[in-house]
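Below are two complexes that have chain A in common, paired first with chain B and then with chain C.
Take a look at the complex of A and B:
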């Protein structure tokens, strides 16, 4: 058991952002290595699938269609409305990027590209810029900013509401980024902890090993399944929140 | 704390990843897929509409056939009814004619019998008169006068006539 702190240290080090080469200057990090692989997988998958679509769907084309249809109808149209289809390329890019990274991170020894704030904050900031740009494009800059305060608010209350709304908007990229990062990071910590348990009790066989090693293996399997669910769910949540923000920006002028 | 401070290199990599992914998916990969999805949705909608049209048409035809069938049946019934009427009137006609002929035959026969009877009666009357004079002469042995003779005949004949009437 005295090995646990060492193992934990090792695990945390493995999951931290590390440059691939130790020299000075530009270097990819461990997370970026897997992120690039995931991005290439998305590109290959969709470019291949787009060449294979047929009126009667089958194979890879069918899979891609199911994913596209899900994002386009169950996210874009359901959340934003009929005009939501216009924003599908953006929302689809987000969904499949996050999904592929999350899923790839579930296959050892890969790390999820979304398990680092460098990724999640960058994408959350892109979302922030895009949804505000959509609102400004529709209403004009001053009208959009003005729409933060509901019409008919007394003047002495409006500055307070404006401040609250402004803060809530500015917090959005932060919460969006942290939610995805924490889910992916925490999942891998959990997997690492049970792997470490199994490792320690196999190295130092004791009567407790009989119970703890099988339990750790069972937990490892259960958590892998759970992580698959989390991977899909977090991709869905990140995308649907983006859709909600875009929908809110489009409706800003109407209340 | 370094855990939630983004690494600058990672941020640049992600910006590049977003740019490449978005442009490629938006311009090349998504359009054929969304186009196919819309095409299929349209195709299914059209097929359903066509099926509905066909169903309506089939129902209309069935209704039409039913009407035609009913018309044909009514016509057939009418023809049969007409035939029955014609046959009945013919039957009545034939019967009436036959009855008329029989009646005529019968009345002719009755007239002939009546005439026969009358002539027989007249003949008998003459013969009975002569016979009764001869019989009376024989019984009496004498000849009676012509006046007596005729009175006797009349009396006798009246008796015979009354017998005949009874």
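Take a look at the complex of A and C:
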């Protein structure tokens, strides 16, 4: 078992952000490389799907239509309300970007573009700016800030409520970014740890290792399936929380 | 032994969210059994709650690396 720290260090090195080319200054990192591939895949997928639009879609068009329908109906309209359709372009972009990145990360040599803090926090900050802008556009700046405190709160309580609400709003981009990053990063570390265990037991051939290696392989497959679930679920949660924030900003004046 | 603090930070930090997730899951199943026609909306709300609780556990995960 004394090889475990070496293997862990190797694993964490593999998962860290590394520049592809040598030298100082701006350079493409390994995560950005896979992120660009995922974005190109989104583009190719939707261009191919919208080539021949039919009343009854088939094949790839069917897949794209099911995805778009899911985002529009069970995220935009269900969470924000009938006016949620207006925000479909934004929410759909987030959903398919995150989904394709997460899923691509499950193919072994690829890394998830969302498994790095840079990508997820950039999206989280964009979401923060967009939902506040929507709220400010609807209510005006001072009314929107004032709407953090519910109407009818006694004056001696309002400053405390305002402070609590302000902190919870400022924490939103942070939790949004950390959630997606940690899920993708931790999932890959977990897969790596089980693979490292299998490697160690194969190297030290003994009766015990013969019993444990199949278990580790089965675990590896089970975790892969679990990671696929997590990839879809995290894309869903990221999008639905964005929808909740936008819905909250739109309703801010009414309570 | 050097990493014991990190492991404890995440392990202890995961206890609370674990209880939270259990309560959310159990109550959602209970509600779905009582009112199957509400299942769709309950599921959406459940995922929102799940995401918020999960964030607490993940803060522990990040802190474990930061210590």
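Keep in mind that, in the parts below, the second predicted complex is superposed on the first by the 255 of 255 C-alpha atoms of A that agree within 3 Å, B and C clash if a C-alpha of one lies under 4 Å from a C-alpha of the other, contacts with A are read in each partner's own complex, and residues count from 1 in each chain.
One rule holds in what follows: a contact is a pair of C-beta atoms (placed from the backbone, for glycine too) under 8 Å apart; a residue touches a chain by one contact, two chains touch by 3 or more.
Predicted model only: the values in this text are computed from it and were never measured.
Look at A:236 in the shared chain and tell me whether it touches chain B only, chain C only, both, or neither; answer first, second, both or neither.
A:236: touches chain C, not chain B.
Quick check for you: in the superposed arrangement, does A:79 touch first (chain B), second (chain C), both or neither?
After superposition on chain A, A:79 lies in contact with chain C alone.
Given the touch rule stated above, what does A:91 touch, chain B (first), chain C (second), both, or neither?
Touch partners of A:91: none, neither chain B nor chain C.
Quick check for you: in the superposed arrangement, does A:111 touch first (chain B), second (chain C), both or neither?
Neither: A:111 stays clear of chain B and chain C.
For A:179, is the partner it touches chain B (first), chain C (second), both, or none of the two (neither)?
Touch partner of A:179: chain C, not chain B.
Considering only touches as defined above, state whether A:119 meets chain B (first), chain C (second), both or neither.
first
May I ask you to name which of chain B and chain C touches more residues of chain A?
B
Could you look at A:47 and tell me whether it touches chain B, chain C, both or neither (first, second, both, neither)?
After superposition on chain A, A:47 lies in contact with chain B alone.
Same chain A residues contacting chain B and chain C, which ones?
178
Please give the residue numbers of chain A that touch chain B in the complex, ascending.
Listed in rising order, the residues are 16-17, 19, 26-29, 31-32, 35-36, 39, 42-43, 46-47, 49-51, 53-55, 57, 61, 64-65, 68-69, 72, 85, 88-90, 92-93, 96-97, 116-119, 121-123, 126, 178, 181, 185.
Can you list the chain B residues touching chain A in their complex?
Residues in contact with chain A: 2-11, 13-15, 17-18, 20-22, 24-26, 28-34, 36-37, 39-40, 43.
Quick one: which bits of chain C touch chain A in the complex? Just the residue numbers, please.
Interface residues on the chain C side: 40-41, 44, 47-48, 50-52, 54-55, 58-59, 61-62.
Okay, in this complex, where on chain A does chain C touch?
These residues of chain A touch chain C: 74, 78-79, 175, 178-179, 182-183, 186, 233, 236-237, 240-241, 244.
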